[in-house]
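What follows is a set of notes on a single structure, which appears directly below.
As written, the chain order gives the labels A, B, C and D, with residue 1 at the start of each chain.
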Amino acid sequence: ERGTDGDLKIIFWQAVSTMNPYLSGGTKEVYAASMVIEPLARYDETGGLVPMLAAEIPTVENGGVAEDLKSITWKLKPDLKWSDGTPVTANDAVFTWKYCTAPDGGCAQGAYFEGVTNVEAVDDQTIKVSFADAKPYPYSAFVGAQSPLIQEAQFKDCLGIKAPECTSANFGPIGTGPFVVNEFKPNDVVTFTANQNYRDASKPAFASVTLKGGGDAASAARSVLETGEFDYAWNMQVEPEILAQMMAAGKGQLVTAFGTQVERIDLNAFAVDPSLGDKRSTAEAGPHPALSDPAVRRALSIAIDREIIDEAGYGEAGQPTCNILPAPDIYVSTNVDWCLTQDIEGANKLLDDAGWVMGSDGVRAKDGVRLSFLYQTSTNSVRQGTQALVKDMWSQIGVEVELRNIAASVFFGGDPASPDTFQKFYADVQMYTNNFDGTDPEKYMAAWMCDKIPSPANGWQGENIVRYCNPEYDALVAELGRTSDLNERAAIAIKLNDMLSNDGAQIPLIHRGQLSAHSVTLEGVKMNAWDSELWNVADWSRKK
Amino acid sequence: MEKQEFVASETESVLSVRNLTTSFRIGSQWRSVVRDMNFDIAPRETVAIVGESGSGKSVTSLSVMRLLPENSSRIEGSVKLAGRELLDLDREAMRQVRGNDISMIFQEPMTSLNPIFPIGKQIAEAILCHRNVSAAEAKDEVLRLLDKVRIPNAKNRFDEYPHQFSGGMRQRVMIAMALASRPKLLIADEPTTALDVTIQGQILDLIKQLQDEEGMAVLFITHDMGVVAEISDRTIVMFRGEAVETGTTDDIFNRGRHPYTRALLSAVPKLGSMGGRERPMRFPVIDIASGETVVPETEAGGVEESARPVLEVKNLTTRFDIRSGLFGRKSGAVHAVENVSFDLRPGETLALVGESGCGKSTTGRSITRLVEPSGGEISVDGYQVGQLGAAELRRMRRTIQMVFQDPFASLDPRMSVGEAVMEPFIEHKLGSKNEARDKAADLLERVGLGADMMPRYPHEFSGGQRQRIAIARSLMLDPKIIVADEAVSALDVSIKAQVCNLLLDLQQSFNLAYLFISHDMAVVERVSHRVAVMYLGEIVEIGPRQAVFDNPQHPYTKKLMAAVPVPDPARRNLKRNLNTEEIKSPIRPVGFVPPQRQYRQVGEGHLVQA
Amino acid sequence: MFTFTIRRLLYAIPTLLVISFIIFALLDLAPSDPLADLPLTIPPEVREQIRAAMGLDQPFFIRYLLWLQQFFINEPLNIFEQITGLTVGDGDRMRVLSWATRSPVVDLIVQRLPQTLWVVGLSYLFGVLLAIPIGVISAYRQYSWFDQIGTFVAMVGYSVPTFFTGVLLIVVFSSWLQWFPSIYDTNLVVNDWNSLVQQIKQMFLPVLVLTLYNVSQISRFVRASMLDNLHMDYVRTARAKGVKEKIVLLVHVLRNSLIPVVTVIALGVPTIFSGAIITEQVFRVNGLGQLLITAIQSGDLPLVQTLTFIFAVLIVLFNLIADILYGILDPRIRYD
Amino acid sequence: MTEATMTVDTRARSGNFWAMLWRQFRAHPGGVAGLIVFTLILLLVFVGPFIHTIDPNQLDIRNKNQGPSWEHPFGTDNLGRDMLAGVMAGGQISLAVGMTAMLLSLVLGTFVGVLAGYFKRIDGPLMRLTDLFLALPLLPLLLVIIMLFRDTLRSTFGPETGIFILIVVVIGITSWMHTARIVRGDVLAIKSQEFILAAKSSGMWEYRIILKHILPNVMSSIMVSATLGIASAIITESALSFLGLGFPSDFPTWGRLLFDGVNFLQITPSRVLWPGLAISLTVLSVNYIGDAIRDALDPRALKH
C-alpha cells in the first residue's frame, strides 16, 4: 500500500549536490536522482536489462534493433505520467537527448549519447535512436541510471549555457519515479514524498524519504548498524572489523554486490626519475629502468598476498582477483589465476634469474638500478593499509618502497599543472580503483590502446594510465568493436584481459564490491552493482 | 620612655599600633623591614612619620591598611582601629574599613592610579563604594573635590585619564580620592612631593580643615621638615625599620635626642640660607651616628660665562590636543609648553620651578623628543633635535639623560635594578659587563644604596630608593646634560644632601649641566645657578638664582617665594588663605593664538614677562 | 577614533580587493579539480566539455573579473531586488554559481547560516562566557585546585582533537546511552516544546565539543593576562578604596587584562562563519564548514572563493573592531 | 636584616639570566613536574625504541587488533603493527614537528606582532598582511605549497627530511597570525608605558628596547600561544596526513595514530588512549613549563 510505512531514512556520507545527473555525473547524484527520474531500461541486480519506461527491451530478434545495428527503437509503456500529472511522450526523450548534447551545456553523461546521430519521436510512444556506425551493443542512451528521461516542459528553457541557471529544476526534477523531491538542500539533505502518479498504485510503501548527507563512512555505518537512526547507508568503505563490531548491536545488516570495480596497482612503463623533469612518465623518458623487465612485473604481482589485503581492508566487499575485467560472468577469465596465490620464493627466484641481485641493504639491484619504487595512491585509510601490506610483501623480495598518498581531489583531479595526478603518474607504481558502467566492456578495454597514453600533447587526458602499448592488443580491440555476437565478444574480451595480466601491464588486486548497510527493519533491498543501488526503492518496505 | 607616653592615650585613640613588625620574604628567608612599631593617633590629631628613605614608613602605613601582598609579606603585632583589631578581621570586614574608616594617599601616584579609567570615575568609585549616593551626586561631589584640590577646569578633566595629567595633578587626584570618603583616619604617604609650594599649602589647609570639621586623624609621612613643622602634632622618627624617637613635634624639633633626629634637622635646607652667595653650595654632610656635621659646606663650581651653551631652547611649544565627540574632532588643546626659550651652559644648573601642571615635565620631555614638540627649536650639544633621524637621536640622547618624575613607572618591572642601572652603559657599549657592574655598584653606593641591592626588583624598593636608582641610572652614561625631574623629592633630608652633593661634585668634575625641575625652593636655592619660573606653560621669570630669589619681580614668583613652608613648629597655626583666587587652566580652544609675550630686563640676565 | 575607523574602512577596500585576488590566484593555482569527484568512467572528451561549460577554459583574468562583477554588482543588486521587489535593468544577471550544485552560492550560504550560527556561534558564545570567569578565578586563585583542574581540563580539551572527542561522545551518548542523536537534522523546525527539546538534544553534543575547545583557548589567555595585572599598584589602590574584591577583579584587573582577550575573541568570531569543519563533519551539522570543505574537496572554486572572501571581510572587520576596542579599553593606545 | 642573610641572598639572586631563570624555575613545583613528565616523554620516545625494539612498521596480520600484552604493551592495530612502537616512533615526529612548527610560528608571530605594535608606520601593512594570511584558505594553500616545493625538497633533503621541512614550514607560516595579533595588542598597550619612554631616553636602539623591555612584558601571552601552538601543530600535522598532505602513511605520528584509531575506539580502545594521552601529557607538561617560566620572569608573581 502506497505511503503506509512512514519515512525512509537514507544516509549518504557524501552529500548530494544536485538532482540532475546530467549536470553532475557523481555516483551519489545519480543514485539520488534515480528515485525520481527513470530511464527507458535499467539493469537489475544480475546485470540483466529490465524495461522501466519502455514496454520491452528492443532486440534484433523483436525488431527493436535494426539489422544493420544502426538504430534502436523503444516503445514507451502506455499511460505513463510525470509526477505533475502530464503524460510522458517520446518528445521528452528527444528533448533529453537535445538537452545532453546541446553545446556549452557541459552534460556529464555525454558519453551515453556518443555515436548517436539522431533521436526522433516516431509517434508519441515510439522513440528511435540512430547511430552513426553499427553498434553491436546499442543499449546506451536512455539505459541505466545515468541517462534518465527528463521532462521537456520543465527543462525547455535550460538548454546549453542556461542549464546551470535552472536551479529549481535541477534541484527538483519532475520525474516518473516512485518519489518526488519535496525539499532539496544541496550537499546536505533531500526530502522526498511518494509520487502520487507513480505507475504502480501500490508503491512506494514509504510515504517519504529523507536522504541525509555528510560525515564519513564509519559514522554513517554506525548510524545504521549501531544506533539505528537511519535505515540505509551507502558505500561502507570501512575496515571489516569495525563493521563487524557495529553489527553486534543487531540493528542492521550489510549487503554487497559485485560490479566491475577492480582495485589495481599500475606499473609505469616509462621512466619517472625526477631528474627527467617534464619528460617524466612520457615516451621521451624512455622505458622504466626496472619495471620494463617482465620478470620484475611478474615478481611484484606474485609477491602479493591478495587474501590478506582483502581480509584487512575489504572483508565481504572484496575478492582477490587477477583480472582487470572481473565481471559480468561471461567475461571473466580463469586463465591468469597464477597470481592468486602468493609465491615469495617464486618471485625471488624470478628476480634472481633475471639478474636482480640482492644488495646488502636488502634491496635488489641490477646494473646500478635499484628496485626502489615510489608508490602513490589517494588518501583513504583502506588504501593506506593496503599500501603498508604491499610494502611489507615487496620488501620480502628485495623491493624497497616509498609510500606517498595524495588528496583524492588532486590525485583524480586531472589538473595538468599538478604533478600529483594519476594521469601524470609521476611515480613508479600507483593504486586506485577503476570500473566501467553497464555490462559491456568494449570501451573499458579500449583504454589500454597505444593512442590513449596520456602525454603533454593530449593534456595528459588519455585513459591508458599504465602506458601499455601493444599493437596486438590494439588490433584485438578493433576486432571487438566489429564483433556483435555476445559469446565471441566475450572470448575477445577475455583474451584482452589475459594479455594485460600476463604482460604485467597492471597488477589487479581486489575485485571490489559495493557494500551498503541497511536496517533489519527494512525489506526489499536488492543490492545492485550495475545500476543505482536505489533502483528498486519503490519495492522497499518496513518489516511489520 | 616615650613609648610610655604614647600608650597612655590608647583608649581614646583612633588608631593604635603595637609591636608592629613587618617582614618580606626574599627567597626562602623572611626579612623584617619594620620592627616593633608602637604609636597611637587620636582624633583630630596629626602624627608625622619622618625618617630615612627606605626606613619603613610606607611599609608601616601599608601594614596598617593590610595592603601588602599577602603571600610574600607577614605582619605581626597589633593594629587597632578605634579598639577593633584590624589584623584579625576577615577580608570583607577589612574591606569595609578601607576607604571608609581609613583611607590612604599612596606615595607614587602614577602607578597607583588605574591607567585605563578616567580619573573622575576613579574618585567617584571611592564615594560609591561606601556611600549610598547616585552616580550624579557622586559626580558633583567629585567635581567639588577636584576643585578643592585645585585641579583647574575640573569639569573638563573629569573624563581624562591619568596619563594626561601632570605628576602633581595625579597626586592631587589621589588626595581627592582619599578624602572623598571622609575617613576617620587619613594616611598620607608623601602627599605633596610633586606639588608646588602654593598648592601644597592649599592642600595642607584643606586637610586641616577636614580635621577640624570631621575630626579626622592624620598619619602624615613626609620628608619635608617644613611641612612637618607646620601640621603635625606629634612626630615619629624612623630609622632603619625602627621608630627611634617619638614625641611632640616641638620636642623633636627642639630637643631631639637621637643622633639621626638631630642630623635630620640640622641638615634641613632653609630658604635664604645662601647669604648672598652666587654659586651653588654643597650641603653639610652629617654623620648619622653622632649627629654631627662632618664636612663643612663648601661652595660648588661656577659657570664659564663664555662657554657655548650645551642646550639651547628657542620658542619651544608643546600642545596636547583634546578631542571630543563622536568624530574625535579637536576641540581644544592643552598648551602645556608655550614659547619657552632658554639656554644652558656646561657646568650650569638651571632650575625650573613653577606651579604643578605648568609644563615643566613636558618641557623636559620635549627637549629629548620623548614627546613631539609642536614648535620651536632645540639644539643639544650641536644636534638640532627637531631634525634628527633615529640613529642620531639615539646618539644625542646619550648626551642628555633624564630622571623621570615617577621613578617607579620609569623602571621596567621585570628587570632587576642592577640590570636597569647597567643597561644604558652596556647599550652604548661603553665597556664590558664587569665594568658596567662596577660602575653601577659604585653609583648605587654613592646615592646611598648598597650594591647588594642590584638583583632586587623595583617593586621591592621604597619610593626614595627608586628615585635614587633612577638618578644612578642617569649618571651611568656620563652625559653632558641631565634633566632631573623632581629627582630628589622623595628623599629624606640627609640623603637628599648626599645626592645633591654628589650631583654638585659631578658637575664640578665633568662640567655637567643640569635642568633641575623641582618644587623644593630651598634645594633649588642651594643647587642652581639660574632659575626659570614657569606659569601656565610659559616662562614668566628667568635669571640668576640670586637675583630671582632676592628680588622676585613677577607676581607669581613672589607668591611662590612667600608660600615656602618654614621648618619651625612655632609657626604652625599660621593660616594662609591662598585658596581664594581662581585656578587657571592651560586648556585653550581651537584657533587660540597665544599672545606675543614681551620680556623686560631687570638685571643682568634677569628677564621678567611684561 | 571616528576618523580612524573611517580611514581603516576605506583602507579595507583595496585590502580586500587584493585579498580576493590573491585568494583567486591561489585557488586557481591549487591542483584540486572540480571533476575529481566524477567517476573515472566519464571519458576525457566529456570532461573537457564540462570544464568548458564551467568557464574554466577562459583566461584567468577574465574569470576573476567575472567573479568580481558577479559578486560585487550582480549579487547586491539581486539582494536589493529581493528586498524591494523592484527590478533593476533587465533583472537577468549571472549570479555566482557553484560548480558542484549549479546553484547560486549566496543561496547556499544563506541556507547554511542558521545551523552554523546555532551550533558554532552558540558554542563560541558559551566559550567566551565560561572562559572569562574561569580565567579570572584561575588567576585569582593561582595554583588552587580550581586552577589546577581548570588547567588540566583546558589542556586536555585543547589538545585532544575534536575528531576524537566528537566520536567518543557519540559512542558514549548516542550508541550506548542513546541520549542524544548522532546526526543533526537540519530540517528540524522548532515550533513547539517537543521540537525545541529535540533541537537542544541534537545541538548538545556538537556544542559541548566546541565549547570545550573554545573555553580552553580563551580561558588560558584570560588567566595569563589577569596574572600580569593582578599585582599592579592600582589594584592596591582599588583595595585601599574599599572596593569589593569582585569589582577589583572584574572591573579593575579584568579590564586591564582584556587586550589579549579581545584579540583572541575577535580572531575567533570570524571563524564562527567559517564553521567548524571537523565537528560539523562528525555530527553532520552541515553548516558553512561542511560547505567549505566539500567545496574545497570538489574544487568548487566559485563557492570557495565566495566563502573565503566573505570570511576575509569578516576578518578585516573584526580585526578593525578589535583595534577600536583597544583604543576604548586602553586610552593610552592611540591611532591618530 | 643580618649581613649573613643579605650575602646569601645576593649570591642566590645574582648570576646570569639563565642561571637565575633556572633557579626560579626549580622552585616552581608545577614547572618541575612538567619538566619531569616532558623529559619522561622524550626518554620514552627517543630511548624507548632501543628497549622495545619492534619495528613500528612491522606487520603481523595474524596478531591484529590485540589488546595489551607483554609482547605488545599497547596492543596492536588492525594490520598487526605494534602500538607502543608506533607511539614511540610517532612521538619522535610529532614532538619534532610540534616543537619546531610551534617555534617557527611563535618566532614569526612575535616578530610581526612586535614590529607592528611598536612601529606605527608598518603597523598597517603588517596587519593587513596578517589579515590576508588569516583569510587564505588553508587547504588550497597547502596543496599549492606542496605542489610547488615537495619535489625540490624531496630531492635535496630526501623524502623524510624534505617532508618534515615542508610540514613544519607549512604549519609555521599558517599559524603565526594569532600570535602576531595578540602580541601586537600587548605591545600597543605596553609601549605607552613610561619605562619604555625611559629606555628610549637613555638612547637605546629600538630593537634592544624591544628585546629587553617589550618582549619580557608580553611573555605571558606568548607562553600561552606557545602551549596552545604545540597542541595545534601536532593536530594540524595529523590533519595534513589524513588529507594526504603530510608524512607518508608509513610514518606514524601521534595525531595520525589517534585519527586512524578513532574508528577502532570500541574494538581496541588502547589505540586511541595512548596517542591521545601522549598528546595531552605533552601539552600539559609544556603548559606547566610555560607557567613556570612565566612566573620566573615575573618578579611579582607569587613564588613557592
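The rule is short, and it goes like this: contacts are C-beta pairs under 8 Å (C-beta built on N, C-alpha and C of every residue); 3 or more make two chains touch, one makes a residue touch a chain.
On a predicted model such as this, the values are computed, not experimentally measured, just so you know.
Participant: Count the touching C-beta pairs: is C-D or B-C ahead?
Facilitator: Per the contact counts, C-D leads.
Participant: Taking the mean of the C-alpha atoms as each chain's centre, how many Å separate chain C from chain D?
Facilitator: 24
Participant: So, what's the distance in Å between the C-alpha centres of chain C and chain B?
Facilitator: A distance of 52 Å separates the two centres.
Participant: Could you tell me the distance, in whole angstrom, between the mean C-alpha positions of chain A and chain B?
Facilitator: 87
Participant: Report the inter-chain centroid distance for chain A and chain D in whole angstrom, where each centroid is the mean of the CA atoms.
Facilitator: 44
Participant: Residue numbers in chain A touching 2 or more other chains?
Facilitator: 407-408, 410-411, 417-418, 420
Participant: What residues in chain B touch two or more of the other chains?
Facilitator: Those would be 69, 163, 459.
Participant: Hunt down the residues of chain D that sit against at least two other chains at once, touch-wise.
Facilitator: As it turns out, chain D has residues touching two or more other chains at 143, 147, 192-193, 262-263, 266, 298, 300, 302.
Participant: Determine which chains touch and list them pairwise.
Facilitator: A-C, A-D, B-C, B-D, C-D
Participant: In their shared complex, at which residues does chain C touch chain B?
Facilitator: Touch list, chain C to chain B: 1-4, 231-234, 236-245, 252, 255-256, 329-332, 336.
Participant: Sort out for me which residues of chain D touch chain A in the complex.
Facilitator: Chain D reaches chain A through residues 57-59, 61, 64-65, 78-79, 81, 143, 147, 151, 154-155, 159, 242-245, 248-250, 260, 262-264, 266-267.
Participant: Can you name the residues of chain C that touch chain A in the complex?
Facilitator: 29, 31-33, 35-54, 94, 97-98, 100-104, 107-108, 111-112, 167, 170, 174-175, 178, 181-183, 185-187, 280-282, 284, 286, 290-291, 294, 296-299
Participant: Which stretch or stretches of chain A touch chain D in the complex?
Facilitator: 218, 238-239, 241-242, 245, 274, 308, 311-312, 378-379, 381, 384-385, 387-389, 391-392, 402-408, 410-411, 417-420
Participant: Note which residues of chain C are touching chain D in the complex, please.
Facilitator: 11, 15, 18-19, 22-23, 26-27, 29-32, 142-143, 151-152, 155-156, 158-161, 163-164, 167-168, 171, 217, 220-221, 223-225, 227-228, 231, 259-260, 262-264, 266-267, 270, 292-293, 296, 304, 308-309, 311-312, 315-316, 319, 322, 326, 330, 332-333
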